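Each of the next two complexes has chain A plus one more chain, namely chain B in the first and chain C in the second.
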Partner chain A sequence: MRRSFPLRTTLLLSGACLLVASMLGVSAAQELTVPASVTAGDETAISTTGSGAATFYLLGPSVSRRNEVSLGQEIHLQARELQNAGDYMAILCSGTCRSASFYVNAAKPASVTFLVHPSRVPTGQSDAVSGVAFPFDQFHNLVLVPKTINFQLTTGNSSVFSQPAHTRDGVAWFRTASGKAAGMLQVVASLDDLSAKRAVQQVASDPCNLRIQGQRTANGIVVETEPVHDCAGNPVPDGTIVTFTATDASGKDTVDAPIKKGIAKAQMDAPGAVVVSAASGVVMGNEVRIGAH
Partner chain B sequence: MKIALPLILVAVTIGLMVVAFVGPGHARGTVGIAAGSALSGLTPKSDTPGQALDNLLVDVQRRNWDRAFATLSKTSGSDEQSFIQDWIGSSGSLRSFSNLEGFDPRPLHITNDEAQMRVRLHFSTPVGPIEDVRDIHLVREGDVWKAVWPKFQAPTVPAEVIPVNYLRWDLVTGTADDQWGSKNVDGPRVRIISMNPVDSAEGAVVMGEVVNEDTIPAFVNVNATLVDGAGNPLDDESSFDKIDHILLPKQVTPYRIDFPGFSLKDVKNVRMDVKAALVPASADPVIGVMNQKLDADAQGKNILHGDLFNESGQTVNIPHVIASFYDGNGKVVWVADGYVDRALLPQSSEHFAVEVPRSLAGQIHNFHVVVNQYSLGRS
Partner chain C sequence: MRRVANCILQFRILALAATLLLVLSSTSFAVDSSPRVQLNIAKAGPRAVESLTERGILRDYRFAWNSMAQALEFNTFDPLEGPFAGEAKTWLRDTITNQQRSGLSQRYVNQNHQLEAVFYAPEGDVMELHDTADYQLQISDGGKLIHEEHVVLHFVVLMTPAADRWVIRQLQAVPQF
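The block that comes next holds the complex of A and B.
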């Protein structure tokens, strides 16, 4: 009975023999030397040894190139071929093939991308404002080399927060409390001569000490708040709703009145003696009693 | 025999047509289509109060205003124009878009010469069916009964100038540059401040309140998902129109989410999700809710009623009332809503009423009413 090798085993043995043969052949035919470090956007060269013609391949994050070269001469890589940071592979084939890889680093920072959250924050909140900055080079490669970014928060002309932060894996960040005063908070991230500015609107927090007063008029009663402020003394923005509730023996009147020019005001029928209260969101105000007409 | 069958068919057809014309008005009309005149002479004689009321309401249903007005008693204080306006509304109100679908009359009190009838009117409207109850007085004039129709007093608004410190929020899209992170404006911060799932006769109900904690207006919608013991979603519903969608800063709205046909005994968990988007909005009009009172009406139903007062200078075409009811611990035990079918003219009032389930009447210690409003030509 005659026994033969299976087809798969035959192919594997054949491939292994060819690989060994090609490696022996390459080592004898050509050498390929790539630069140790390359910066994005810089020209560089790959040196070769040997003689005769060969085919050169360059594979990278955004490049794929093939051209004929002469062994023994340098292969020039142009700046535009190396604009994207990352791993590149150079392959040189002349009968057999030889390959080498090199890494292209990001160039020096050319811009800082800066995200700040939130765009609007109530005053006096801890850990309420955060920002994250990413340095990029002119080719939009994230700069992974550690850099120092200065975060500065200012309101008006006064600085409320300043902190240098080192980038780690291309990212630097901060987190801080919101200020006490309502208004625009300027947030700047600067790296050397680069900077990015963002604005956070600091708004009044919940109303504090909501107080109302009322009086009877010919048409019923008129109730109004005193100027509405938060606990830090910032005026609560116009348009904020204050709910007035007048309760008497016959029923209840309610009016959702917006604050206008710092004061919310409502008119109600309420012919009898009433107790009027006010609330804004989940904040309650005082009660006033107004006698019957 | 050849002509017998066609004759029978013709006779049956004519018979059905007669029944259709002279029959009582319990049959529903077609929504949005004003029917024409009935054939004269085919309307049953109004020899009873019930028949007189039927005849009147059938004519109203068919928008046969001349005939309907002609059946009214001469002692009525109404003129035809105000009678028509009473039925079809004005100023773009919900009644203007409604159609009388049917009616259920029942006698309250009848003597030889006078009768008091209560009729439950069923209207179809763009926001769903709406019921109205009216008590109608009828008198006997000769051998026929006629309804006494009081003159409809449409609110009149005097010519005046109402100063408004117009408060409005507009949205501006930044155009400075396209850099990443430079044009973001955060959405409004809203929060669910209470949530209470209950079983009702129609199914499970999830209700509570939402507050806009921000300093800008928010368009709010609340969604809820019922989850069973295995973690599988049973149903997913939204608050739809049982919420005041546009919340101004620090405004609170009730919400109610219905899950028809579901029972809480099958539910292990309820997932809540409140979505808020930044929208342009106006702080006007301001609508006061006056004379709110929880009472039992003539039919024994528990009703929260009151008056809406438009404090602004703009007409509110369709007012919508949403009320939350609290128990002694301040927990929301029910949320009810109702549309007002009359337009709310500037500086004028309209009555509203929302029904409270009989089973909850004893639990209710307090309530809060918010008014949602739809105005033609404005967002």
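The block that comes next holds the complex of A and C.
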């Protein structure tokens, strides 16, 4: 009888302690084990040890979760919670709090963001066209694992430039000269079966061999250029300004005329003998001498 | 004689209290100070970073982290308007929305950022940076601090120029560079 008393006391005390512990939310020391790393959009689980109830927190890019869990059971993390690459912190609180963090890495590339400059470029210019490509996964995370991106520039059926480039820190780039022929330049960045296409309008460069002719009319003189081309033979676009300068005994007279259908034309007042020259940008044309009325 | 001793003791207590107050106030100033950012442009390429751009990046990156810290601490969206765009803005907004639901908030204290420009596009329309950030992270649930630790994180950052500033489009934490 005397021996059973301490046992009963011990049992009672233990029961009381457990009751108080459960009332205070104190349970066996909890631990949590997070995955070493996760791929974006994959499901995963966090294992816990201990017993009793606990509060679980998950914080990460786009995520702020708080819910009650049972210690000793796995905490399931859904795929939609882990779509953003980055650092995630899991916290488990049961009396005290324990934490662990893990990384979510980008999934495989699903798109290529491709920036190309400029949208319009003169032909035959060195280092005139450049492009930058970033591979992103389906959740818009930057893919940092090195990938090979093929850059291809074509005009019509001819290749102007082709070069594979390895991404470094999630970016690959190129820079090259513009083509010799005016027209649409197709610029493509491809990664496996993904590709992004851009277009650059190649226009004629500065006029080359600018030649003019003129004649006297009843109202003065009319001067006009021959069809204006760049040095590669591309017609200079309409709207390009040609400046005609007429010099006579009384001084100089200047007229700016835009090219229309490949030719720039101007009418000037010049009663006496006159010398007319033409220029477009930094390019000078020939001079023509027109006699007096 | 006892009165003099008491007076000296009171004076010492007052002086001690004043010192403590001073220390506490200087500590709170340090806590509330804006993020410290150091930028290294030595490895940036293929385009060289102009000094005006360097100053702009420093100013706008510091402002962005200050704004993000405010947004995550007070669970408000307003600070995100301006310094963030694209994917970075989207996930920050989602985080705040979810924090409002869960009652959580995060506080970034004593931020230090070692920023390094690693890529500057030929036409200057995008810059990639690596940031080694360290700060005291405090997580609260309903105003009650549940977790605090000093963290060191690595971020890959994409910034693009907007009308009057550089904005963060991508802010992605990585295990290492």
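Note that the second predicted complex is superposed on the first by the 264 of 293 C-alpha atoms of A that agree within 3 Å, B and C clash if a C-alpha of one lies under 4 Å from a C-alpha of the other, contacts with A are read in each partner's own complex, and residues count from 1 in each chain.
Heads up, the rule we're going with is that a residue touches a chain if its C-beta (ideal position, glycine included) is under 8 Å from a C-beta of that chain, and two chains touch if they have at least 3 such contacts.
Just so you know, these numbers come straight off a predicted model, no measurement behind them.
J.: Judging by the criteria at the top, classify the pair chain B and chain C on chain A as clash or fit.
T.: fit
J.: Applying the touch criterion given at the start, work out whether A:Val63 contacts chain B, chain C, both or neither, answering first, second, both or neither.
T.: second
J.: Under the stated touch criterion, which partner chain does A:Thr254 make contact with: chain B (first), chain C (second), both, or neither?
T.: A:Thr254 sits against chain B, while chain C stays out of touch.
J.: Just checking: does A:Pro271 make contact with chain B only, chain C only, both, or neither of them? Give me first, second, both or neither.
T.: Touch partners of A:Pro271: none, neither chain B nor chain C.
J.: Given the touch rule stated above, what does A:Pro146 touch, chain B (first), chain C (second), both, or neither?
T.: neither
J.: Just checking: does A:Arg198 make contact with chain B only, chain C only, both, or neither of them? Give me first, second, both or neither.
T.: first
J.: A:Gly233 contacts which: chain B (first), chain C (second), both, neither?
T.: After superposition on chain A, A:Gly233 lies in contact with neither partner.
J.: Applying the touch criterion given at the start, work out whether A:Asn84 contacts chain B, chain C, both or neither, answering first, second, both or neither.
T.: A:Asn84 sits against chain C, while chain B stays out of touch.
J.: For A:His117, decide between first (touching chain B), second (touching chain C), both and neither.
T.: In the superposition, A:His117 contacts both chain B and chain C.
J.: With the two structures laid over each other on chain A, which partner does A:Val282 touch: chain B (first), chain C (second), both, or neither?
T.: first
J.: Closest pair of CA atoms, one in chain B and one in chain C, after superposing: how far apart in Å?
T.: When the complexes share the chain A frame, the smallest chain B-chain C C-alpha distance is 9 Å.
J.: Output the chain A positions appearing in both contact lists, the one against chain B and the one against chain C.
T.: In the superposed arrangement, which is not itself an observed complex, chain A uses residues 115, 117-118 for both chain B and chain C.
J.: Show me the residue ranges of chain C that touch chain A in the complex, using the header's touch definition.
T.: 46, 87, 90-91, 94-95, 98-99, 101-104, 106, 118-119, 121-123, 125-126, 128, 130, 139, 141, 146-147, 149, 153, 156, 158, 170, 172-175, 177
J.: State the interface residues of chain A toward chain C in the complex, per the touch definition above.
T.: 37, 55, 57, 59, 61-66, 84-87, 89, 91, 93, 97, 99, 103, 106, 115, 117-118, 130, 132, 134, 140-142, 144, 168-171, 173, 175
J.: Okay, in this complex, where on chain B does chain A touch?
T.: Where chain B meets chain A, its residues are 165, 167, 169, 179-182, 184-186, 193, 211-217, 248-252, 283, 286-293, 306, 309, 311, 367-371.
J.: Would you tell me which residues of chain A are touching chain B in their complex?
T.: By the definition above, chain A touches chain B via 113-120, 122, 196, 198, 203-204, 206-207, 236-243, 250-258, 260-261, 266-269, 280-283.
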